[in-house]
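Note sheet for the following structure.
Just so it is clear, A, B, C and D label the chains in written order, and each chain counts residues from 1 on its own.
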Amino acid sequence: MSVLTRTPAPQGRTRISRLQGKARYAPTLATVGLFLAMFAAGAIMYPGFLSGQVFLNLLIDNTFLIVLAVGMTFVILTGGIDLSVGSVVALSMMIAAALLQAGWNPIAVIALVLLTGATFGLLMGLVIQVFEIQPFIVTLAGLFLARGLCYVISVDSITVTDPFFTAMAQARIPLTGNLFIAPGVVIALVVVAIAFYVLHQTRFGRTVYAIGGGESSALLMGLAVPRTKVLVYGISGLCSAIAGILFSFYSLSGYSLAATGLELDAIAAVVVGGTLLTGGYGYVLGSLAGVLILGIVQTFISYEGTLSSWWTRIVIGALLLAFILLQKLFSRKVKLT
Amino acid sequence: MNALLKHRLTWPVLALVLLLVLNQLFRSDFLSVRVQDGHLYGSLIDILRNGAPTILIALGMTLVIASRGIDLSVGAVAAIAGAVSCTYIYNSPDPTSLRTAAIGVSIAVVAGLALGLWNGFLVAVIGIQPIIATLVLMTAGRGLAQLVTDGQIISVSNDPYQAIGAGFFLGLPISILIAVAAFAVAGLLTRRTALGTLIEAVGINPVASRLAGLNARTITWTVYVFSGLCAAIAGLMISSNVTAADANNAGLYIEMDAILAVVIGGTSLAGGRYSLVGTLVGALIIQTLTTTVYTLGIPPEVTLVFKALVVIIVCLLQSSKARTLLGKRKRPLTEQAEVKVAV
Amino acid sequence: MNEIVPVVDMNNISIEFPGVKALDGVSLRLFQGEVHALMGENGAGKSTLIKALTGVYAIDGGTITVMGVQHSFSTPAEAQAARISTVYQEVNLCPNLSVEENILLGREPRRRGGIHWREVRRKAKDVLEQLQLGHIDPGSILSSHSIAIQQLVAIARSVQVDAKVLILDEPTSSLDSDEVQQLFTVIRTLRDRGVAILFVSHFLEQVYDISDRMTVLRNGKLVGEFMTRDLPRMGLISKMIGKEMDALAELEEAESRREPDRSERVPFVQAENLGRKGSVQDVTVAIHAGEILGLAGLLGSGRTETARLLFGADRADQGQLRIGGTARTLRTPRSAIDQGVAFSSENRKEEGLISDLSVRDNLVLAMQASKGWLRRVPGHTQDQLAEKFIRALDIRPANKDALIQNLSGGNQQKVLLARWLITNPKLLILDEPTRGIDIGAKTQIQKLISSLASDGMSIIFISAELEEVLRLSDHIAILKDRRMVADIPNDGVTMEDVMTIIAGSNA
Amino acid sequence: GGGAGTGGGGGGSEDGITMGFAQVGAESGWRTANTKSVQESAKEAGVDLKFSDAQQKQENQIKAIRSYIQQQVDVIAFSPVVESGWDTVLKEAKDADIPVILTDRSVDSADTSLYKTFLGSDFVEEGKKAGDWLVEDSASTEGPVNIVELQGTTGAAPAIDRKEGFEAAIAADPDLKIVESQTGDFTRSGGKQVMEAFLKNTPDIDVVYAHNDDMGLGAIEAIEAAGKVPGKDIKIITVDAVKDGMAALAEGKINYIVECNPLLGDQLMDLAAKVVAGEEVPARVVTEESAFTPEQAKEVLASREY
């Protein structure tokens, strides 16, 4: 047997495997790189674009979408999808507005809204898990249900006059120079940080990735698959509720038609951020970058200011496509599957 | 009997029947169909006629989903189809003739095929995830439709054109005849040729399919083109039914209805085995649900809650888990070992 | 101390799937500090029994006692909590995660700030080194490794825990003898530490090498429990197949070699310095009609990759390839198939099975693909073909409408082999075709390969079992470190000769 | 990055006014006509128009307004998607000394100093006009009058207000009764489908009240398919007065249309010029609107632009 002693692996091979390890980050890195490139392009094309505040406004105007994308990232990483998020945002806003109008304490209102959102998500997760119904359908029913409940609460829009909410809406946290952010930005970034920590530093987070890599394998490996799958929808529901509160801070109202179609924005942001819809691959920071990309597309359009309504749509679609193609090009050599 | 209970179409069909019975309880003449102006008239006919676009789009969607894809752009494609044909008819020198209608329809069909080609190109050749690839057209497509109509609702009055969505042939709505014909063609095409099996193979395991020598690219491309075609014809029906092209609202959210129909019909979004008949039943359930809301006079504020509850109930009944609970059959734990009944 | 309590006592277990009684009153006892072999033909019920024990399948009848306590695990997690560690037949890991994570998933060491990643790496490295896999980068993504390495990682995962019971369902089916010995060393250490080990393999040599006792199943029924040393090989085989049959003698028979037909001067396939960046290099082979080329090499030496290049599954970027005398570039498998080349992959789960389709659909898939979607293989032809090959390869259950995912591993492998035989290719590339196949069927397949070659088919044969390669091939190409180092005619080449070439060459 | 943007680059206030206009979307022909009117009037008035389409999303509108503030336009105009939730961004505009004009729809801010003026129609009033006509029209007829209502999109301001105004007006006559009311989403096919169901549910419908012309046009098709004569067997009242609606009115298929005028571009530009110049403007400017009977429709149909 002595002839069989293994020669150490040649240098090249280890290098390849390292490279493949790094290549995981390629789509996400491409996203970040493209964002910077787009920002630069905007700066060249439009006066006043190159300012710190334009960048910060991207955050201020998208706090709720960031939080939604975080929740959605969890779900998509397991290979699922959550279509209900937009409606749950609206429902959260309606509940908050209605209760505040009824004179509830704002902190109690926030607590209740978060609880409702999380419960709503958990219930959907339970149906998905226990009855083995496809997430797409369960969360689509969730979309109908939550939106329907909005109408049941009130068809009219409700204004929020609560001093705490008003203060949160109008507070400005000054940064250097005359730059500022809104408190919601801090909340959203904290959510991102927590999500990052949970996904990469806890067993729960790793189970999320494992389920995306292969659910039956994860099950056979003895991981807590059912619990994790249910929780993931709970997290998404909780994130939707947080996003609802942030949206309330942002718009100081409850409106039953608010946040329609936001689920597609969230999914698009997650996917643009480099997460695979089939699950298992992706990063929450990529989703953050994805939101910023979608935001900057909007900014481009308002800076352009000459697009008719239909050209706006066409340009949004075209920019999305251009972006996906570039991302594809940059991360081309990566073999993910 | 037991086999019937376990058949995956049993529960959707039962749900459909229950919905119809519910309507009948509320309005005793709901199920009655009479002849008026030489064609059939009644709520059931309305369901078929109004459901035809959804049925057609769900048909295309079934094959896309079987190949492990999804097509979000169908609503936009439908809008574009309506827009180009109506705009053509509106601007033509002879806006009421059959010839004009035929040309208008052809333009729309070609547009649908082209848009399907485009989606297929992004998915099969470039390799973009289907949901994003078709999201591009979903977003931009309505813009294109509005570009064609200049943002206006284009009204046409062309009898042959109107017949597509609102006309009758041998007493039956032409739209449903078209939809059923499309089903028959698709059924024949996929089951008489090998297309059906090959689509399923690609949907279940693309890697293995490629190694078995399948031209997955062509197959994927084909299903998107077919979906585009279905969406275009559905768009013609929608615009013809109201003799106007509404670029903004035609086929809005129809992609969700279609996907819902496909899934209620028992096809998994994960790709693979599909059932065209199931999709047909699913689409009819969805249309009947809408009609039920009107018949029962459910106030608009609670319509969505009602719909959500029905969808949940139908899905619960239809889920294999619930069926096994009913049938008391022990099931293996892994999804891999799931027992599926073919149609 | 004459009455030792078994660690695991499965009593009278029955499991029924729709239409199949997979287990019928089977009992199994596992004792501390023994290696227990579970034997049986393909489809005998070995994997099902293991899954019944570990909570994957619910049992229809019988009792399971683990360490004196009656259990009925409803998830694998519960079985693991009871310190039963299992490697299932197919690699069940997460291809998207790193090797180290796959080893420690679910039991990562933690510290205050969360998972202690440095500790994860250390532990993974430890266990990999134990299995002589120190050269594998623990941070690399699992999917970047060949199926054999993945199998080893799965084993590493299972031995990493401090288990009372270790179950290995065909862990060695894609390992070469070196790896097998490495594994056995680990198994013996564990056994000596008192772990009860259940081992499944179709390699009799390995079973006799490692096991102390064995339980034999046939058609879902218990044949008996035997001490390994008391049961001669012939006896074991006849117990497994249920009749007296001299399988080993037949094996000898298969060895009778044919003369390849070299009347056609131009080789059917001729590769010259074929290679691909980051993959194999210098593949120079010539295969005539009716010739069998064996590929030999250590694990990860590039045999699979060579096969993929010749099939167009990966595109070559160096060298030339001539098929039937004309230069070709293979862009896709399709173009290779059109030239008459077929390739049966070693990774049946990911690259072979269309899990949700029936046996028949899987069988005719390649043929259908060649004909194009428009010309469907007529239903009765499909049925005929399916029946013919089910009979020829003894596929069980002999039901062409069964879903392939419900077949046992070995039977799935036979279906995939048949998929290509149906297309009647000119060159058939077989990557580990006998993986997980029982001894009777293996003989059958070897004979089949010989006879196909006699009929003029060229064959490239890859197997982790070097004996098998030596027995069947007309000439042998040897790979080392993803480079072809020799191509020698097989006139009495021995294993030692091959080893010497591998050891001696400087790639 | 440098703290640019403070310089006077963006405004371009040397010649002419720069206006940022945040439109709701392009959800209907009415809206498109409205957009066109604003764009054309801006061109005529020499106003540099920055236009953005929010696609019916409040957040997009807020983003657009923020970016107008960032670009330091001279005046911001917008048609709010929804009444509530504008205080924060309007305050930002006020802090940046940019005057705001509301068009088409109002906001419900308690602090009316956040905007200079509101130019647009009064949806409640429109509903009332429709109801008043019906009360007058059916004064002569005896017995109960069965009305079915085709509502706009659930939750949308015009739908809520037109319903409210109409209901208030018909309360004057106890004979008038809304027997069914369902949303047709402001679309023709929605109107048609709902009307088909109504016709089967309620055999004796006397009046259809549709929240816009499109749903009314859809209802006409359903009525005709049911073998009845729209305008005679069943009277139809709608709101908007777009060209197709007016044509149907002229043909007698619709009985009465309350106008909701989208052509407020000229008025908007006038107001903008005054506001930028610092002149006083009235807090509420109602667009010039009327209502049409079939006879009136025949007269104005030819000159209808949208």
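The rule is short, and it goes like this: a contact is a pair of C-beta atoms (placed from the backbone, for glycine too) under 8 Å apart; a residue touches a chain by one contact, two chains touch by 3 or more.
The chain lineup, named per UniProt: A = Sugar ABC transporter permease YjfF; B = ABC transporter permease; C = Sugar ABC transporter ATP-binding protein.
As the structure is a prediction and not an experimental result, all values here were calculated from the model.
Student: Among the chains, which is located farthest from chain B on the basis of C-alpha centroids?
Tutor: C
Student: When I count C-beta pairs in contact, which pair ends up with more: B-C or A-D?
Tutor: A-D
Student: State, to the nearest whole Å, the distance from the C-alpha centre of chain C to the C-alpha centre of chain D.
Tutor: Comparing mean C-alpha positions, chain D is 71 Å from chain C.
Student: Measuring from the mean C-alpha position of chain B to the mean C-alpha position of chain C, what distance in angstrom results?
Tutor: Centre separation, chain B to chain C: 44 Å.
Student: Please report how many Å separate the Cα centroid of chain A from that of chain D, as a whole number.
Tutor: Chain centroid spacing, chain A to chain D, equals 34 Å.
Student: So what's the Cα centroid distance for chain B and chain D, whole Å?
Tutor: Centre-to-centre distance between chain B and chain D: 33 Å.
Student: By residue number and range, which residues of chain B touch two or more other chains?
Tutor: Correct list: 146, 151, 207, 300-301, 303, 333-334, 336.
Student: Return the residues of chain C touching two or more other chains; collapse runs of consecutive numbers into ranges.
Tutor: Counting only residues that touch two or more other chains, chain C contributes 56, 75-76.
Student: By residue number and range, which residues of chain D touch two or more other chains?
Tutor: If we look for residues of chain D contacting two or more partner chains, we find 26, 32, 35, 154.
Student: Could you list each pair of chains that touch, in label order?
Tutor: Listed in label order, the chain pairs in contact are A-B, A-C, A-D, B-C, B-D.
Student: Quick check: in the complex, which residue numbers of chain D touch chain A?
Tutor: It is residues 1-6, 9-10, 20, 23, 25-26, 32, 35, 39, 49-53, 55-60, 62-64, 66-68, 70-72, 82-88, 91, 108, 110, 153-156, 160 of chain D that touch chain A.
Student: Show which residues of chain A lie in contact with chain B when the two form their complex.
Tutor: 127, 130-134, 136-138, 140-145, 147-149, 151-152, 155, 215-216, 219-220, 264, 267-268, 271-272, 276-277, 308-318, 320-321, 324-325, 328, 337
Student: Inside the complex, what are the residues of chain B that reach chain D?
Tutor: Touching chain D: residues 27, 29-30, 36-37, 41-43, 46, 50, 146, 150-153, 155, 166, 238, 241-244, 246, 248-250, 290-291, 293-295, 297, 299-301, 303 of chain B.
Student: So in the complex, which bits of chain B are touching chain C?
Tutor: 192-195, 197-198, 200-201, 204-205, 207-215, 219, 272-273, 330-334, 336-337, 339-340
Student: Inside the complex, what are the residues of chain D that reach chain B?
Tutor: Listed in rising order, the residues are 26-29, 31-32, 35-36, 151, 154, 180-183, 185-190, 192-194, 196-198, 200-201, 214, 217-218, 221, 225-227, 242, 244, 306.
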